[in-house]
Amino acid sequence: MADAVLDFARLKRTGTAEAVLCASKTPAQIDHILALAAAAGKAMLLTRLDAAAFDQLSAGHRAQLVYDQLSRTAVFGTPLEGALKPGIGIVTAGTSDLAVAGEAARTLLFHGFEAPVIADVGVAGLWRLMERLEEIRDFRVVIAVAGMEGALFSVLAGLIAAPVIAVPSSVGYGVATGGHVALNTALASCAPGLVTVNIDNGFGAACAAIAMMGASEA
Amino acid sequence: MADAVLDFARLKRTGTAEAVLCASKTPAQIDHILALAAAAGKAMLLTRLDAAAFDQLSAGHRAQLVYDQLSRTAVFGTPLEGALKPGIGIVTAGTSDLAVAGEAARTLLFHGFEAPVIADVGVAGLWRLMERLEEIRDFRVVIAVAGMEGALFSVLAGLIAAPVIAVPSSVGYGVATGGHVALNTALASCAPGLVTVNIDNGFGAACAAIAMMGASEA
Amino acid sequence: MADAVLDFARLKRTGTAEAVLCASKTPAQIDHILALAAAAGKAMLLTRLDAAAFDQLSAGHRAQLVYDQLSRTAVFGTPLEGALKPGIGIVTAGTSDLAVAGEAARTLLFHGFEAPVIADVGVAGLWRLMERLEEIRDFRVVIAVAGMEGALFSVLAGLIAAPVIAVPSSVGYGVATGGHVALNTALASCAPGLVTVNIDNGFGAACAAIAMMGASEA
Amino acid sequence: MADAVLDFARLKRTGTAEAVLCASKTPAQIDHILALAAAAGKAMLLTRLDAAAFDQLSAGHRAQLVYDQLSRTAVFGTPLEGALKPGIGIVTAGTSDLAVAGEAARTLLFHGFEAPVIADVGVAGLWRLMERLEEIRDFRVVIAVAGMEGALFSVLAGLIAAPVIAVPSSVGYGVATGGHVALNTALASCAPGLVTVNIDNGFGAACAAIAMMGASEA
Amino acid sequence: MADAVLDFARLKRTGTAEAVLCASKTPAQIDHILALAAAAGKAMLLTRLDAAAFDQLSAGHRAQLVYDQLSRTAVFGTPLEGALKPGIGIVTAGTSDLAVAGEAARTLLFHGFEAPVIADVGVAGLWRLMERLEEIRDFRVVIAVAGMEGALFSVLAGLIAAPVIAVPSSVGYGVATGGHVALNTALASCAPGLVTVNIDNGFGAACAAIAMMGASEA
Amino acid sequence: MADAVLDFARLKRTGTAEAVLCASKTPAQIDHILALAAAAGKAMLLTRLDAAAFDQLSAGHRAQLVYDQLSRTAVFGTPLEGALKPGIGIVTAGTSDLAVAGEAARTLLFHGFEAPVIADVGVAGLWRLMERLEEIRDFRVVIAVAGMEGALFSVLAGLIAAPVIAVPSSVGYGVATGGHVALNTALASCAPGLVTVNIDNGFGAACAAIAMMGASEA
Amino acid sequence: MADAVLDFARLKRTGTAEAVLCASKTPAQIDHILALAAAAGKAMLLTRLDAAAFDQLSAGHRAQLVYDQLSRTAVFGTPLEGALKPGIGIVTAGTSDLAVAGEAARTLLFHGFEAPVIADVGVAGLWRLMERLEEIRDFRVVIAVAGMEGALFSVLAGLIAAPVIAVPSSVGYGVATGGHVALNTALASCAPGLVTVNIDNGFGAACAAIAMMGASEA
Amino acid sequence: MADAVLDFARLKRTGTAEAVLCASKTPAQIDHILALAAAAGKAMLLTRLDAAAFDQLSAGHRAQLVYDQLSRTAVFGTPLEGALKPGIGIVTAGTSDLAVAGEAARTLLFHGFEAPVIADVGVAGLWRLMERLEEIRDFRVVIAVAGMEGALFSVLAGLIAAPVIAVPSSVGYGVATGGHVALNTALASCAPGLVTVNIDNGFGAACAAIAMMGASEA
């Protein structure tokens, strides 16, 4: 059978490690990849691993995984050591966005960053965001997660100087099904300093935030 | 040739008069309709009449039209008499939205309503909206015009109790081309009391606002 | 864990209370929100709560909820007191639209309005609408629910003076899958006084209707 | 140069003659095709021939063409002889739909059918359609042309027994740009006996109407 | 509860009877409608009734229904009497299209027409169509069902004089998912005499075919 | 100013030379690129060079270009020498497809292949294709160009053994605007041996045909 | 019941045999087709046969099928004899693309070709592709499978002279859901010699590769 | 007339100044805004100002503007003083992307950053990028501009550690028309550290790059 080829050099080359997107892989394929990681003595992050798929992995691998159901992430082995680094914050428009925020937070943790989550500050009740604004202004990079119409992205990016990484979430119905409205809102925003990643891509937002933090150390 | 059939009974039946959407009509067809209105002794509102089309109308009709180039509207004959009624306000996110706001304002004027325009209060600079908020809260119905990502709709509807009629404008580029992002933002909004009309449809928003004002008198 | 932030001030600020859209929340998250509402002594409306999710809520909360399966709504605690107010009517094109109509009716009830439902008057059999027209003309605000091609919206708005809030329903197949055709029909309508909300958004239509009724009292 | 291959056998095989869609052809290509028709002694219908393209044809060909600017059709040579046949009617929602209706009417005329046009009976003013209903019920096949939201299609097909061929027209703006809303309305209609052709395809509707008339003679 | 309003007058008015689209109705709603039909002494056609929904109907109603699983149709009561009428034929591109063809055939049968099905003559193997061409040419109206790219529609309509009603089927994957490619192929076809109904709409195609047959008797 | 970087090594690496897509370049940029080619002593193919842009190039460069207006291609310098190679054929559905066919033919000529064009054999008149079938079966690779519904692709690929490269052309209106229907027809085709390139991409089809011919020599 | 019509002549006519796309067929229909193949003494390839459908086939047919779950293909009877032919290679961007690659490989095997699979060489870690490049350059035709953004297609086609057949896979989420981004990337690529088939169409890519190999023998 | 409301506080609040998007404004509106800026003594950046609009501005304003036609940007007044800051680089896939790259470069210059442009390194000729890789690795933030299929984004972000801001450009035809394919490629990329802005939004990319640089100084 054709082999998986893991990109262990990615961490050194790009500053973030390869992760395994489990959504379209069979349990056998995931087990195979974990065996490769174990053989190489590498820690590994798994994303989009839903509970049913987790349950189908080999018992040995399940025992070595730290699994979080809401964010559908699992960590295999021991990631980076040392004190957790501050500077990145995560803001969500609603409670429903916490799964995506969790994927971002767990990815950051895997790479040694601790990122507080400020939840449920959508702009339909503007006071909720305003109450937390000073706290948000202390972050050097902000990840914002919002579904439905995503108006949070523009308002937030118009109020702070840090770069804002919009993560549109697939929370919504009717025209908002799948997260495309929130995505387009982020892209079409008039506010400066706003950039976007794919719908529900908490992992990618975390990687980009790490890259931005790294930029400051060059 | 097949004849136009004007719905002069619409004003009595629905509270707003039929208007002529000129965009897809030839100058000859518009002249023909104006002749019918003149014969019936009726005033008439023309929308989407761009300058080039206006110039091709018969000289006689041009002389009887009060034309406004920015909003591409023209009034034929004398509309409703009496003091102008207050209660409806128009809010725009940017300068570029003034053409659509003008179509709404001129439609309201034709029906006897005076609607102030509060322009350029988009939420990328939130203080601009906040400065005018008390003024806006005095309106009984608010028409809001915004293009690009249309974040104004959600923020505004979350702050006031009056019904807000979103008019997405076709101001934007890239994903925002044609106004579809602003439209979807309005439809997907989490804010209560927000309703939507077609892109650039200042005329329709005005008719709906009039219907809402009428509801209060029943 | 990050906390939900409920916007209890919304009722005072906008005239309608915050509701909880349950579709993308876990049962644990919904239980958490209900606990916050209980602690604050507030009544709360839950929407998009399907039977499977309802069954997974804590027994204590289930006992305090008045649940309606067809409309997927539940009421927690005691809503507004006093006599139910008239003036808003709901019209549907077909039997299949009754779930969405139910969400609107139950939202109105939560806010103190009684809204009769006139069902199954789609325009493929025009006599059905005509038979009920006088009754419909008595409403000060009309909510219209239709799926498939949504031709009801235009015909209805062309016949009455009250504002008509179109709620496209996701009833249909082929090109009509998801309700987008009915939505676009509402937006593109030539009839005056017609406004639109998101597909299946009975809740939003009810909030907008309340705002329109409020406009009449200012 | 590669030669055009005209399908003169189509009339015999299918009951309608090949026509030349001029929109994407150069004047030289159209002149070449007309020369082939002349050489074969055949009459020919040209569609989508706008005024600018007509003016660039060779003077000899221009002299032999009967050109109609509104419908952008031209007839080359002498079509079928004999008395014009009745039975097909054309109904339009608005004045703006007359160009497409004209393409259908001229195509029918080329094949020996006379089709009355009943214009401007869109359902936003339902009485206009009702006034003409008995007249419409006399047709054996009805071609209906409508843009914007195309609600006419459903209402009309729900009222008569003859087959209705919907021709969505590209009359509209915002979501209705290009005629896609009217097309989808026709396809999603709940009304029986309704079939559809491509946007603005008056020619195709006419060919289908002729085929339906032919069915009755078999 | 709001009542269903059945359009029993439709048969007389339009030549085809109202049918019940079961896909978006609860079993309780379908049972309610059948009770109304029974009370009125009317036969009724049910479409899009999948096996699971059929099993949830009341035992009494199930006993009175003639159910066909492949086409998901059921007949309640006794439809039109008398000898079955010929003249309409059904052609399919593949075996997978037989479910949709069955909906058309059963609808025709309900209205007193017997329609032979000529299956699996898609044009990737052109000889299959050519072998049956003379047989097809004998029909006065042809219903053609095809999914994937739907090339059958153009080839067939280019070969025969009868009107062809294209029914795009939702058979396909990738770009063809949902039947939109076959639909657009039918609409964009260069072949004359071709008209289209919604994806998978075998019922609508049958109603239109009946209308076309009726045209011949006027 | 930032410099263009020409990929003169592409011919050796991939078997086809880099060409200059002129559509989105200014005349100054094209002149700059031609100067680089002249300095390197390389022949160069220009595509999408419309007449207006050609006229704005420097007189010196215009004199060295062999320009073809219909295909909007120009050849700069002297391409490959030696006898023209046979084996590739080009088939078009209509006269309107000849511009795209010309881009393919001129690209092939630049690389030393002579490709006959068999034009106007669309399947609405199937006999036109059948008449030329033996001739087409002699090609080792066939490029097929079609717009509208593109039914030619499936029929052709179902009849011959050579690989067929579909080039959807942007010939069409309504749903077929821009060539997307023909593209999807090619992709969704049930016929074997059919592959596709971008809409109007005659250049890409020619490059692929050359690669396929090359495969036979390995 | 209407019969399936198998195109056993396809192999001789086009070089590749008809296969049965099982996705939209009932088990009864598949069993019926297998019985026809058995009666004709023909081998047959089944695609898109998922495990649940396989289990519903008749026991007799199951025993005669060689089934592969990952690629969802099954072979009935004995395909072509003789030594397996080399020359075609399959390259995938990720592990998730192996199911589609498997459909291609099994189709090739059915027709007598052995195609090595070079897996997991996506360009986010460019070294993985570079390491295998010489091996890939030895193939006369390359099938490339990639989901997500499909950047592999352009990079690969820019590096080799053999024709590259892109098979976009439906691996991805957010904007990449369904494989449309990878498809469009393949179509819009600037790299020469690249052609495309439908999303997930490993079968079609294999048929095209065989046609291209055949071209070399003509 | 309603007044423009300039957000001069934006620079202090967010680190980047408000710019005027001229594309949908009349010359009179732009002149009005420039007068406000002059009165406030502020420098101002104008974007999307095409040559025809520039020529219609008042002579006085034209004299004070430094206009660049390729990037369609103009600077009014004197921007920030002091030495230009390094650290941001711009990379383009093709010559056609230089207009968008110019908008980014001029925006950066207005804010005091000097950004080198490395042009024409698209991955169809991978050596072009590889030759410049070390140079690119020295930037702390990279803006990448690409149209067509945008494969450059993934390859580049997979090779360097700095954050990459993708600016999809509207360079392309067929499926790539309008830049949507390049946009989706950037969003769907598997490469880490990649974020996206709207199509052609060089201005927004520059603002985001400045925010990222600022993050490093906190």
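Going in written order, the chains are labelled A, B, C, D, E, F, G and H, and every chain counts its residues from 1.
Here is the rule we use: contacts are C-beta pairs under 8 Å (C-beta built on N, C-alpha and C of every residue); 3 or more make two chains touch, one makes a residue touch a chain.
Since this is a predicted model, take the numbers as computed values, not measurements.
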| item | value |
| --- | --- |
| Chains in simultaneous contact with chain D and chain G | E, F |
| Which of B-C and E-G has more C-beta pairs touching across its chains | B-C |
| Counterpart interface for D-E, drawn from G-H, B-C or B-H and sharing over half of its contact pairs | B-C |
| Self-contact between copies chain G and chain H, residue sets same or different by half | same |
| Euclidean distance of C-alpha centroids - chain C vs chain D, Å | 43 |
| Inter-centroid spacing, chain G versus chain C (mean Cα positions, whole Å) | 48 |
| Centre-to-centre distance between chain G and chain B (centres being mean Cα positions), rounded to whole Å | 55 |
| Set of chain G residues in contact with two or more other chains | 10, 124-125, 157-159, 172, 174-176, 180, 183, 187-188, 191-192, 198-199 |
| Chain pairs in mutual contact under the definition given at the outset | A-B, A-C, A-G, A-H, B-C, B-D, B-H, C-D, C-E, D-E, D-F, E-F, E-G, F-G, F-H, G-H |
| Chain F residues within the chain E interface of the complex | 94, 122-126, 148-151, 153-155, 157-159, 172, 174-176, 180-182, 184-192 |
| Chain A contact footprint on chain G (complex, rising order) | 70, 92, 95-96, 98, 101, 117-121, 124-125, 127-128, 147, 171-177 |
| Complex contacts: residues of chain F adjacent to chain G | 10, 13-16, 87, 140-141, 157-165, 183, 187-188, 191-199, 204, 207-208, 210-218 |
| Interfacial residue positions of chain D with respect to chain F in the complex | 2-5, 7, 9-10, 18, 21, 23-26, 29, 33, 48, 168, 170, 178-180, 183, 198-201 |
